[in-house]
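Here come two complexes built around subunit A, the first alongside subunit B, the second alongside subunit C.
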Partner chain A sequence: MTINQILIVVAAALFWGFVMRERGRLHFILIASIIVIFWLQSALPLRGFDFWLPVATLVITIFSWYITAALEARHSRKNWSTLALIITIVLLLNLTRFLPFDPALTASRPPQTEILLLILALSGLFLFLTKKLTRFHTALLAIAIISLILIFLAIKVPAFAYWVSYGIRLLTSQSLEQAKITDLRWLGFSYVAFRIIHTLRDRQMGRLPDVDLAEYMTYVIFFPAFTAGPIDRIERFMKDLRQPATALGNDELLVAGQRFILGLFKKFVIADALALIALNDVNALQVRTAGWTWILLYAYAFQIYFDFSGYTDIAIGTSRLLGIKLPENFSTPYLKPNLTQFWNNWHITLTQWFRAYFFNPTTRWLRSWKNPLPMPLMILVTQVATMVLIGFWHGVTWNFTLWGLWHGLGLFIHNRWNEFTRARATAWATTPIRQNVLAISGVLITFHFVALGWIFFALSSTSTSLHVFLKLFSIK
Partner chain B sequence: MKNEIKPINILVKGLSLFILINILFAVWQPKIGQFSAYNAIFPGRERLPFGENSAQAYNLSLFDLDAMFASHVINDDQKQDDEFRVILIGDSSVWGTLLKPEETLAGQLNSADMSACGKNVHVYNLGYPTISLTKDVLMLSYGMKYEPDLVIWLTTLEAFPMEKQLASPIVANNQETLNSLRSRYGLVFDPNDPAFVKQSSWIIVNRRAFADIIRLQIYGVMWAATGIDQIYPVNYEPAQINLEDNEKFHEAKPPMLDTKSLAINALETGIRVAVDTPVMIVNEPMLISNGENSDIRYNFFYPRWAYDQYRDMMAELSQKNDWNYVDLWDAVPANEFTNSAIHLTPTGEGLLAEKLAPVIMATCK
Partner chain C sequence: MTTEIISTLAKFIAEKILKQPNKEIKPDESLISSGLIDSFSLMDLALFVEDTYGVRIEDTELNAQTFDNLSQLTELIASRQK
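Let's turn to the complex of A and B:
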């Protein structure tokens, strides 16, 4: 998001906060969110896809709500009205193609209205068929989760992304030679997918609260958190959304404003300045000495932190203006004395998601075996698998896999080391100085372990990553 | 009683503080460009900052002369007693487009380990891309602060046309310095020329300039880490060999080059700016094409008639004014030019350095 886009989003939130505060919050957020997902989607080389991908986001979300909602709630008048509202907004956005000037709310001129109507009709038909398959409800939930994962893989695995782009180009008579893995940059899909999977899984477990279509849509595409999280939990989000809105008071404005300004400063002053010198594929091969390679790596480590936590602050500050208290995503992660604590404080909502929907179920499943694995092996398997999956969430490449392995093994080693040294460390650290020595050395070691892991994250090839590793230790 | 903080008060206080700082800044006008991380935290740059793609070149174009020179290695230390300081003034051929710092003319002259007047010769590259004599005078006037023992001013006919003088952005953004050159040394230009960018003392107006100064400091990390200060493309479009059948030089047509359309005054001003420091004016080497229409034109820049008259004019002016003038127009063969008729390969720069080295060593203040 550019600073102008952020300021417009905040202006919209302030407008509601001051002018309309006590009425229409749900619909204001819903309408703003729908417009924002079209508006923020960047232009794509595939003709019309900067319009079709937001439409797909909406269709997937509506379908997910439909199969997670209670049968009796699905066809209420309120939900039909919401559906009509969503379709009207999408149609209006599409009709901007007939305006005599360049459209302001979509990256390019929206595609033909006939095709949109056809897609909407097919989506309606699909929902109708789903209604007929009520008795396969459990299977539908599983199919929806698998479908989301498949879409995720289709845009995140470079080879798949290429062939998907190739296929789309073939079907739409666009240049096949131009097919690239970056053709399908689907804004916010990673976050949307994780929010939806959370609701589908909770529905399977019978834990999902009853929400209507407008509430569900608002949760999934909530505009302050659409592009960079945090990944809230629906039951917590609903608690805030359903609370009666009150006039925007000084305290709220102050908290929201402080958070927002802090986020802007982190992102646009610190992170963007560090980005000029942060490690990347080009400078990794140009840097001449080990010392400077460390500097570029440190710059990357702080750049990614300030960038991401800055965006989170902006999202939290903006949503506070709307009366929604989004969860924290970062809590001084680089000051944590061990890797386990680092991961409890870095991208908190993502790690909580993986803990809830992968780590804990996998651990339970492994424990349920007739002959369970030895505990250390079980910890190794679950931690490595979880971290590799978190790596895949960022992109299915060798480097993200290695980054996941690095952290998975790091967590396992820390777990074993902690088990081995806990008693000795307690016995040794009897004075405040010794305790400080332990704490500070823990912070330094953890930070450097994380920073070295960023090499895989920042660079796109394993050979360049290896080159940097060797350079850092003056081996090359 | 609850001590409530009101956001509107914060907004008013913040705005007031911002206005106050702006006023103080406008009144005080601190030269923030003089504060530099170069030559302190990072090594000074071998040439003045210039770059069109800063993310790849780790360099950028800015118009604050203080900041530009503060980032240069010439700003590092006080001149030593045993140093014979030479500054090179000129265009992109001196700055060294497509050349690494050590491959430029300054780099190659320094590697020759010369001495003059019993002192060690140290050559500083103060060349700056864009071709304009007025731009050269601007750089020279700033470079004189560093007490050179010799000024080598490489130039070419393309730097002379009047319409080129203020076309360089660095000139257009430094009207105040030009005004001072006009009043002190008689530099001729139109102060109301629309090319000039209006200067302002307000922070809010100068925010881009301040951001550029900060970015220049940050890129010091990359300069120190990589030694790279421009993009070195693997492939580039070579200088044009086959030329158009066109005898025009800017608006001039044969048979006579109108000297009134040339900024000879800028050249004279430059000599005055140097005061009693010797100035060597060098007619820089250019590509002499043997391709299509090379009987009409020497290269992309020059029709033969205009360039021949320019050389005669320079020889005549030098003789008349007793200038130290060296004509090296054909000193480098055509195959030693890169992407322009004035940009040299490292070998070409080496050939030029070989020609200049004896002249430098023979110079004594």
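Let's turn to the complex of A and C:
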């Protein structure tokens, strides 16, 4: 997001807080969120896709609500009017194509209205079919989760993304030679998919609270958190959304404002300044000495932290203006004494998602075996698998895989080390000085381990990453 | 009853998870957010609670928001035993 976009978004939140006061919060957030997901989607080389991808986000969300909602609640009048509202906004956005000046709310002129009507009609038909398949409800939930993962892979695995783009170009007669893996940059999809999978899984386990379409939609595409998280849990989000909204008081404004300005400072002053010298594919090959390579790496480590946690502060500050207290995503991760603690405090909502829906169920399942694996092997398997999947969430490439492996193995090693030394360390660290020595050396080792891992994350090729590793230790 | 559960859980954590049988764990001592119990041992604790008290703690509940110390965990167990 650019600073202008951020300022417009926060102005929208302030408008609600000051002008509309406590009225119509749910619908205000819903309408703003729908407009924002079209407005923030950047232009794409595939014709019309900067409009079709947000439409797809909405259609997927509506379907997911439909199959997770209780049967008797699905067809209430309230939900029909929400549906009508969503369709009206999308139609109005599409009709801006006829305006005499350049469209302001979409990256390019919206595509043909007749195609939109066809898509809406087909989606309606599909929804009707889903209704007929109610008795296969359990299967539908599973199919929905698998479909989301498949879409995820289709846009995140470079080879698949290329073929998807190729296929779309073939269908829409656009130049095939220009097909690129970046043609499908679907804004916010990773976050949307993870929020939806959480609701589908919780529905399978019978733990999903009853929410209507407007509430569900607002949760999934909530505009302050749409592009960069945090990934809230629906029951927590609903608690805030259903609280009677109060007009924006001075205290609340101060807290939200401080958080927002802190975020702007972190992102646009610190992170953007560090970006000038942070490790990237170009300077990785230009740098000559080990000392400078370390500086580039340190700059990257702090840039990614200030960038991401700055965005989170902006999201948390903005949403507080609307009375929603999003969960924290970072808690001084670089000051933690070990890798396990680092991962409890870095991108917290993502790691909690993976714990709840992958790590814990897998561990439980491995434990239930008649002849369970030896404990260390079990820990190795679950830690590495979880971290590699977190790597894939960022992109299915060799470097993200290596980054996941780096952290998975790191967590395993820390776990084993801790097991052997915990008693001894407690026995040794009897004075405050000794405790400090342990804590400070832990922080330094953990930070450097994480920083070295960023080499895979920051660079796109494995050979460049290896080159940087060797350079850091003056081997090359 | 409550104190009994707390001492059983404290004993389990000290002996089986931390391998420091003499370590005293206070009812309000933070377990998860402090890093005392890692995510793998947390599952041990959940399975122990399920076996001992017949109370299921879901995979999505194994985090510091649901319970972070022995008092909170005991409260959770008691509320589900009813």
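Note that in this section the second predicted complex is superposed on the first by the 476 of 476 C-alpha atoms of A that agree within 3 Å, B and C clash if a C-alpha of one lies under 4 Å from a C-alpha of the other, contacts with A are read in each partner's own complex, and residues count from 1 in each chain.
We adopt the following convention: contacts are C-beta pairs under 8 Å (C-beta built on N, C-alpha and C of every residue); 3 or more make two chains touch, one makes a residue touch a chain.
Remember, predicted model here, so these are calculated numbers, not experimental data.
Enquirer: Give the label of whichever partner, subunit B or subunit C, reaches more residues of subunit A.
Expert: C
Enquirer: Under the stated touch criterion, which partner chain does A:Val287 make contact with: subunit B (first), subunit C (second), both, or neither?
Expert: first
Enquirer: After lining up the shared chain so the two structures overlap, which partner does A:Asn415 touch, if you call subunit B first and subunit C second: first, second, both or neither?
Expert: A:Asn415 sits against subunit C, while subunit B stays out of touch.
Enquirer: Which holds for A:Leu296: it touches subunit B only (first), subunit C only (second), both, or neither?
Expert: After superposing on A, A:Leu296 lies in contact with subunit B but is clear of subunit C.
Enquirer: Taking the superposition as given, does A:Leu254 touch the first partner, subunit B, the second, subunit C, both, or neither?
Expert: So A:Leu254 only meets subunit B here.
Enquirer: Should A:Arg207 be classified as contacting the first partner (subunit B), the second (subunit C), both, or neither?
Expert: A:Arg207 contacts subunit C only, not subunit B.
Enquirer: For A:Pro158, is the partner it touches subunit B (first), subunit C (second), both, or none of the two (neither)?
Expert: neither
Enquirer: Which of the two partners, first being subunit B and second being subunit C, lies in contact with A:Ile277: first, second, both, or neither?
Expert: The first partner, subunit B, only.
Enquirer: Do subunit B and subunit C land on any of the same subunit A residues, and which?
Expert: Correct list for subunit A: none, the interfaces share no residue.
Enquirer: Once bound in the complex, which stretches of subunit B touch subunit A?
Expert: 4-7, 10, 54-56, 214-215, 218-219, 221-222, 224-228
Enquirer: Once bound in the complex, which stretches of subunit C touch subunit A?
Expert: 18-20, 23, 32-33, 35, 38-40, 43, 47, 58-60, 62-63
Enquirer: Quick check on the complex: what are the subunit A residues that touch subunit C?
Expert: Touching subunit C: residues 202, 205, 207, 233, 336, 338, 340-341, 344, 352, 355-357, 359-361, 363-364, 367, 379, 382-383, 415, 418-419, 422-423, 426 of subunit A.
Enquirer: Which of the residues in subunit A end up touching subunit B in this complex?
Expert: Answer in residue numbers: 250, 253-254, 257, 273, 276-277, 282-283, 286-289, 292-293, 295-296, 299.
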